[in-house]
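Here chain A shows up in two complexes: once beside chain B, once beside chain C.
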Partner chain A sequence: MDKNYTARRRRDLIIAAVLAALAALAPLFVKNVYIQNILVLTLMYAALSQSWNILSGYCGQISLGHALYFGIGAYTTELLFTKFGVLPWFGMLAGGAIAALIAMGLGYPFFRLRGHYFVIATIVIAEIGLLLFQNWEWAGAAMGITIPVRGDSWLKFQFMRSKLPYFYFALALCCLAWFVTWWLEDSKWGFWWRAVKDNPEAAESLGVVVFNSKMGAAAVSAFLVAVGGAFYAQFLAYIDPESVMGFQFSLLMALPAVLGGIGTLWGPVLGAAILIPMTELTRSYIGGSGRGVDLIVYGGLIVAISLALPQGLVSLFSRSKAKGATR
Partner chain B sequence: MTALLETRGVWQRFGGLVANSDVSISVGRGEIVGLIGPNGAGKSTLFNLIAGVLPPTQGSIWFDGEDVTKLPAAERCQRGVGRTFQVVKSFETMTVIDNVIVGALMRNTVMREARRKAHEVLEFTGLAARADVLASDLVPAEKRRLEVARALATEPKLLLLDEVLTGLTPTEAQTGVALVRKVRDAGITVLMVEHVMEIVMPLVDRAIVLDLGKVLVEGKPADVVRDPKVIKAYLGDRHAVGA
Partner chain C sequence: MGLLYGLIAVGLALIFGLMDVTNFAHGEFLMIAMYASFFLFTFFAIDPLLSAPLVAAAMFVFGAVVYLLIVRFAMRAKANAGMVQIFTTFGLAIVMRGLAQLFFTPDYRSIPQSWLGGKTVSIAGIFLPEPQLVGALVSIAAFAGLYFFIHRTDFGRALEATREDPGAVALVGIDKNRVFAFGWGLGAALVGLAGAIMAVFFYIYPDVGASFALIAYVTVALGGFGSVFGAFAGGIIVGLVEAVTALMLPPSLKSVGIYAVYLLVVFIRPRGLFGSM
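Then we have the complex of A and B:
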């Protein structure tokens, strides 16, 4: 039994390494900049969704306000860079730390709320954040911040000639988020989170400090999402509140995980790999005309998948596996 | 030697309803104590007060020589209070072994040790064959057993069993009784709530009868069942007179 378990974890790790290696080779074959762009976004959303999944999937605290942490990562990095000349690498870490602190600060009152009330609170808070940034003069208000071009360099994490450095960073971030999840899954925290999600009262009776587990999950989740926000800001080279803190980011973090399998190790990656290219392709081929057809197709596909596979796409794999295990 | 568990003048009011009034009981080390009484007697409330789900309106609760009245459930678990729930609360999306690991992590911070401990407990409670099954796929009797296993994994000094034998078939109940004895033989004190008298009475060393929120009678099971006050509480005045 234990052998099976360790073997399964090792197998996950090997699959991830192989996939990462294959992804790393992708630029050798994909020269089209548009496709490269989609790959970067896919990897980024996979990473974001994986991070969202820690709080909302494993710990069961559904957040539709993670755009706030994404925006905080972006703004911290760019404000530090443009106002104080701090390198984006440090800004990224600072953004992560600030987002984690804010997540815990917000968790303090909001983790008392349950179910839908918690979800509503996260939406409202993210909207408030958005409004604050839209009116904050020093941070550029609604005009946003243009990141000054200083030439291609890893030091300043800025590349105009090629998308490849961004691609590799996004891949690294995705691997990091996956690995953190993999590691936490088989830790005290991972077990505590799942217990809290399934039944907080029973968890408490077994010595789980429910409140602290939620806080821990929120901090890790917000940190990683903010790092993603910092990356996105560098990638765009221009940010304004709507383009890094809009509600769509909250959705685009939640959807891949939900579609792929919420609270699972592979769900977010799988969901993002299908959803993000689909979003981009529907937008470029059938969108644009009336601003809506693409969204209808997109929404329809999501509904279809969730009706057919309520446990997410990963259940396609695990179902056959589970059968094999019991025989 | 002091009692392992003591409640001193415990009151619990819910609005105008008095669920427990001035309840003082004690449970000695190594005992199996039955907490019985008709429906609405305040057994479950007292139980939740001992487990730390809510603080009593008045009075204090002492565990292992320490006042734990103000401690939340998680900290009481750390002190050595394990419990099951009347309405089972399994972690449904987790496997049986993972359910038990959550409990085992209380005293084993290294995953490998927690896992080993959990397997030991599954062996002890007779659930080893079901280790990799999802908790939601267990039959009711197994879910009860899982509740016990999870609580045992936290290595409690006192195990609170809330109607673990109720609603089981006679055979299942017999296995349950055997398990409770085994738990006691492992050195764990047991306080169990039941309202099915014929199952509990042969099992417990001592019975405490609650009625209308108060301690009505306490003593050896054989004496308790013959006590006119107990018969009256369960069956009404007419039968008490006959006794």
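Then we have the complex of A and C:
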């Protein structure tokens, strides 16, 4: 068991490195801007979902309010940039730090709640954030913020002519989120989280400080999601409350992990790799009529996958791997 | 207004609160009911008030069918049952919105003239719009009916027993699927009633359900899962809080008060006001 476990972890790392290298070469073959766009979004959602999975998958605290942290990352970066001229790189880190602090501040009362009460509380807090930003004049209220064009540069993290820099950043973020998950999975935190998820009372009796481990998961998860939000804001060059803090983001972050395999290392990446291109393609090929056919197909697929593979797409792969990953 | 929220929430209180099955398509059930009421009015000139029982009956069948065709299988999942339920019903909600867009177009529709629309009654010097008043009366009747049903009939007991332990009820001869299909039907019928009444004074469009759904979840959770009376009280509190917030804050922020009260309540009582779970 022990030997297999170490071997599996090393194998996961090698697979990830190979996949990342292949992904890095993808732009050599994909010149179509539209496809590049889909790739960027896929990588971003993979990263977001991977981060969501840390709190909701590993630690078992289902959050449907992560749009809050996404929006905070986006808004912190852009408010600092447009109002104070702070470079997005620092804004990104500041956004992450603020989101992590807020996550811990909220965790204080929230983590006493269980089950549906917790899930609804997370939805509600994100909704409050959305309403406040929609009414916050200084931050552009419902009109949002347009990010001023200052020319293409890595310094300002702004590129108008090519999508490639965004692609590489999204890839890096995705790798970071994956690596953090991989690393934490084998740390004492990872074991604590799974213990808290399976049986909090038993974990507590064995000396796991349940509250602290939930806080840790929330902070890491919120930080990474906020960095994703900062990236998304620079990528779109325009943000408004609904487009960075809407409830749909909370669901879109959770969906790849759930369809791919919640609480697993590969679930979010796998789920995003299938779900996001599918979403974008149905939207552009059959959604153009505005008649809702794309919604029917998209919703139908979600129903079908959740019913057919309740443990996620990961369970399709070798049994031993799925077993090791879900426990 | 509070009793109307209660009316929307009462069906959810049954499905989500008593049966402990997450239904993210509740708002879409409401939307379908509103359209049903609208079409009965447009094509057959049946006033929404008269067609309400028809709509409720149709929704009963719809709810039971949704359970038997989809939700039954979602509940069978051995792993992450909660997430499977959330996303199955969420997917269903998206499909229903898509279908509504496809067949009914995204246009805003309304029922121009009905027996109740736009009229007011004066009770002891206070003017109340008639549709809201009827909604309130129906809401009280629906809650009283459901309360009686759950606590005084064999079916109600069977329902609670099934939630507690599906294996054990099978041993005493209760068919879990029949009980739950009936429960889903009833929940959908109740939201059907709500939809028929709301159709009189709200615009009807494919996304209409989403704006009411979150408030319905909050209402049920505020009152506490497993309690019919709690959902009723939750509805009244939500309505009052909304009215008070609307006086103090700009109208676009009126929901903030409801959400804040929910958070406050669950921080003090993590099981909601009257919750048993």
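Throughout what follows, the second predicted complex is superposed on the first by the 315 of 327 C-alpha atoms of A that agree within 3 Å, B and C clash if a C-alpha of one lies under 4 Å from a C-alpha of the other, contacts with A are read in each partner's own complex, and residues count from 1 in each chain.
Just so we're on the same page, a contact is a pair of C-beta atoms (placed from the backbone, for glycine too) under 8 Å apart; a residue touches a chain by one contact, two chains touch by 3 or more.
Given the structure is predicted, the values throughout are model-derived calculations rather than measurements.
Partners chain B and chain C fit side by side in the overlay (superposition on chain A). Touched residues of chain A, counted separately for chain B and chain C, are more numerous for C.
In the superposed model, A:209 makes contact with chain B only, not with chain C. Of the two partner chains placed by the overlay, neither chain B nor chain C lies in contact with A:33. Chain centres taken from Cα atoms put the angle at chain A, between chain B and chain C, at 80 degrees to the nearest 10.
When the two structures are aligned on the shared chain, A:187 is found in touch with chain B, with no touch to chain C.
Within the superposed three-chain model, A:316 lies out of touch with both chain B and chain C [touch as defined at top]. By the document's definition of touching, of the two partners only chain B reaches A:199; chain C does not. Of the two partner chains, chain C is the only one touched by A:114; chain B is not.
Put simply, chain B and chain C get as close as 9 Å, counting only Cα atoms, in the superposed view. Chain A residues in contact with chain B (one complex) as well as with chain C (other complex) are 263, 326. For chain A in complex with chain C, the touching residues are 62, 64, 109, 112-117, 120-121, 123-125, 127-128, 131-132, 134-135, 247, 251, 254-255, 258-259, 262-263, 290-304, 306-307, 310-311, 326.
Those residues of chain B that touch chain A in the shared complex are 51, 53, 72-74, 77-78, 82-83, 85, 89-94, 97-98, 101-103, 105-106, 109, 111, 114-115, 119, 131-133, 150-151, 153-154. In the complex of the two chains, the chain C residues touching chain A come out as 16, 22, 70, 73-74, 77-84, 86-88, 90-102, 105-106, 206, 214, 217-218, 221, 225, 250, 252-253, 255-256, 259-260, 262-263, 266-267, 270-272, 277.
Residues of chain A that touch chain B in their complex: 1-2, 4-5, 186-188, 191-192, 194-195, 197-199, 201-210, 263, 325-326.
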